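Read through the structures below before going on.
Next come two complexes, and both contain chain A; in the first it sits with chain B, in the second with chain C.
After this line comes the complex of A and B, so read on.
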């Protein structure tokens, strides 16, 4: 099964929010200096599912990312985990593309690759949490999509996709080629291997420009964005301590449970 | 001169750090408390190729440089020295002996299964009356036809209780003193070879240390590793790389302690402000940071010299000597700065403190290295008889 996994480079989500700055003028979140960006943890789970499928059915995994030349580190990270190839999509015209522009760029690159059975994306990106690029790519390519996948089986040019819902699972079947966005519940991604690291470090990652993939200049960049951020603010957290008063431990426990329920903590 | 890590080294560093975070730290407390050997971590290390990455590819390793190994060692020991030692100690010490002193048949026989995590090797030199002074070794190997008969006891052998093959330093000609020693590979199951696990350890609790006993234990001549009488020199092939392990491991342990101290002292409020804001505390943290950086550079230089087959006896002793001062200072100060919290195992400073005490003794005590440095610089051997 030939797969394409779309990955995004994001500010390290393990860095405490207080360390980030917000540029009110440009509506940008500025990460702290010296903390290198990482592969979007949701996309890492999409890659993990792709690697499981490769183990089960064979095939090839190609990783796509959009960004600057520095973004090759996320492609190399994916290769060190077991992906076969990767491409960075970079062009000055791609700067400030919104989700539609990004999906257009990725779809153009996917068309250029051509030979694929399945595209996998994380359910969302940890920086903007929109979760729409995968579905828009599917729309652009006119292929079926299932979101929030937990597991995939393949048989006779069709996929059986197990999808997570809030209270259970759904199973869909669909023909290939197809798009799947992957649930967080797929589990912890594997670590890179030593041999993968050596292979990735030595690999030259190609960079494709807008001209290379035939991207439509009218659909990418800030000018083509269909929406823009109007405001950006940090959620303020306040610590508050409340002592539960009660005559007996049982009563205190009951009151505490009721309080937790009332504030939505359970 | 280039101080930057290569892309490959950076990726190995990140991978080893993640391994320590995911596969060592969550389990260390239980295994330290129960004094259990963490076999599952060895299997996971094997799966990602961290068991013997410096062994050449033709023998099952990845063929990475000693400099890259140094980078990896810092990160793994940031998690736990003793657990990293469980899967890398064997390849580093006895594995290096087989690689450099063994013949081709021996390399192909033991190194690939070692790299696959299928067998453990142990290096066995220390005895009741012989530690730093190897000339006192009393384990004997007497030739009998095409076999050697070993008798004697080895003490405090890392992974000795689980080792499938022990590289045993034995006396083959007492009249020649240190030049009358030879290494023999004794395989588990050989009649007369027994081991006894050591329990109640202060440090290395998540590791295996054992005493080995050889009683009329017959090994074929094909298990002799290296030339007769070259045993001590061959043993140093392993000790050489083991010292790099001690140096970079000390850097990793010290960095972990310092990071914990910084986080804790920024949270701990006394006299209305974080403890980290007191100048004496900042002074200690600065001393830790500067010393860590210095020993790391010494470790990198030592690894670079090894990679370039350049002489490094003096640099090895410099680095080991400073590393022992570093790790004992940082771990002790960390316990102190944590106050009473430092003596419970909720924080990593406790297990690093205990492991540091043993790391000081491995690969030569600080005193031995001071004497080796002194001998090189003054050309007077303080230990000559």
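After this line comes the complex of A and C, so read on.
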């Protein structure tokens, strides 16, 4: 099964929020200096599912990312985890593309790769939390999609996909080639292997430009964006915490019970 | 026909769902501000009763398209029906609930209609000067809130996070029109099929319905630690939920997760035990009426988010809490 995994480079979400700065003018979140960006954790789980499928069915995993030359690091991270190849999609015209521009760019690169059975994307990116690029790529390519995939089996040119729902799960059958967005619930992604790290270090990562993939200049960049940020602000803390003062944890528990009764919470 | 604001309503067992009532509240407020009618699209069979309810809850024009119930439908089929309905009705704002179906349909519909899309919004408003629609949504795992606006003339699609508004109340005296909508959708619009839909039975109270939620995080330390949380929950007539860590560690099933990738709850009382207070978790519980935190770490983020806090080991705090609750007959 030949797979393409789309990954995004994001500011490290593990960095405490207080360390981020918000630039109200450019509507950007500025991470602290010296903290390298990481592979979007949701995409890392999509890669994990792809690696499990590769173990089960064989095939090749190609990782795609749109960004600057610096985005090579997320492709190398994916290769160190077990992906076979990767490409960075970078062009000055791609700057400030919205989700539709990004999906157009990724879809053009996917067409160029051509030979694939399955595309996997994370359910959303940890920066803007939209979760729309995968579904839009599927529409652009006119291929079937199942969102929030938890597990996938392959059988006879079709896939059986288990999708997480709010109250349980669904099982879909769909023809290939196809797209899935991957649920967070697939579990923790594997760590890079020693041989993977060596492989990634040696690998030359190609960079494809707008011309290389035949991207339509009218569909990418800031000019094509369908929406823009009118504001960006840090979330306010709405509550003020009253700490129960007590000599022992035992006493604190008792006092908490009394407090809950006093405020009518129970 | 041109309809300004169109709500995609969800129907379960012949009734509009709670989240649909919530977006009826939001859509009605918006329609009152713009002075435009509020339209609602419902898909199903024999759902005239739900359509009348949608009128009584704020809809001016309710359209019924024939189709399978949402629980059984393939999203491709719903997408084709909604896209066809939008062609006929030409709405400029389309609102979905941020549900399984809503978040599946919204981006794909946006691609088809060349519309903009904003997911998981918590507030809709109009710009005071330009009257442009402003969509507020949490970003960066809930650490910040972005406000989005679309270029003039762009059709705008949004999904609304559950619990962002109170459900619309029914006013039987409200007048509105219920119209069947003939939508023809070819079989080729569905790629693949739904083999199975499984609703996992919840033991006890559903998290979303619980008035009291006791949430356990990584600080619980293992599956056995949850026994005392369950004891407290059952004493207070509530139920137990968890953060991401207990799911990732396999202590508790995914169905119990509260947060960005789990459930959104708003109980009267939320007691977070051994929960660090990561924004992606707080996203799922921040609208709780009273939020109580019990954590050993006085610097834990949860204390910035809570109304009441106890700094201490839950293993020592909860037994006396339970005992005092019992003696107070709470």
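The rule is simple: the second predicted complex is superposed on the first by the 237 of 266 C-alpha atoms of A that agree within 3 Å, B and C clash if a C-alpha of one lies under 4 Å from a C-alpha of the other, contacts with A are read in each partner's own complex, and residues count from 1 in each chain.
Just so it is clear, a contact is a pair of C-beta atoms (placed from the backbone, for glycine too) under 8 Å apart; a residue touches a chain by one contact, two chains touch by 3 or more.
Note that the structure is a prediction, hence the values are computed from the model and not measured.
Enquirer: Going by the touch definition up top, name the partner, chain B or chain C, that contacts more of chain A.
Expert: Chain A has more residues touched by C than by the other partner.
Enquirer: Contact-wise, after the overlay, does A:15 reach chain B, chain C, both or neither (first, second, both, neither)?
Expert: In the superposed model, A:15 contacts neither chain B nor chain C.
Enquirer: Can A:217 be said to touch chain B (first), chain C (second), both, or neither?
Expert: In the superposition, A:217 contacts neither chain B nor chain C.
Enquirer: Applying the touch criterion given at the start, work out whether A:69 contacts chain B, chain C, both or neither, answering first, second, both or neither.
Expert: neither
Enquirer: Applying the touch criterion given at the start, work out whether A:35 contacts chain B, chain C, both or neither, answering first, second, both or neither.
Expert: neither
Enquirer: In the superposed arrangement, does A:80 touch chain B (first), chain C (second), both or neither?
Expert: In the superposed model, A:80 contacts chain B only, not chain C.
Enquirer: After the superposition on A, what does A:56 contact: first (chain B), second (chain C), both or neither?
Expert: The answer is neither, since A:56 touches no partner chain.
Enquirer: Which chain A residues lie in the overlap of the chain B contact set and the chain C contact set?
Expert: Chain A residues touching both partners: 188.
Enquirer: So in the complex, the part of chain A that touches chain C is made up of which residues?
Expert: Listed in rising order, the residues are 11, 13, 17, 20, 22, 27, 29, 99-100, 103, 123-124, 126-132, 135-136, 138-140, 143-148, 158, 160, 164-175, 178, 183-185, 187-188, 225-235, 237-244, 246, 248-254, 256-261, 263, 265-266.
Enquirer: In their shared complex, at which residues does chain B touch chain A?
Expert: 6-8, 11-12, 15, 18-19, 22, 47-50, 53, 62, 64
Enquirer: Report the residues of chain A in contact with chain B in the complex, numbered from low to high.
Expert: 76-77, 80, 188, 191-195, 197-198, 200-202
Enquirer: For chain C, which residues count as touching chain A in their complex?
Expert: Against chain A, the touching part of chain C is residues 74-76, 99-100, 103-104, 106-108, 110-112, 114-120, 127, 134, 137-151, 154, 156, 191-200, 212, 236, 244, 247-248, 254-255, 260-261, 263, 268-269, 279, 286, 289-294, 303-313, 316-325, 328, 330.
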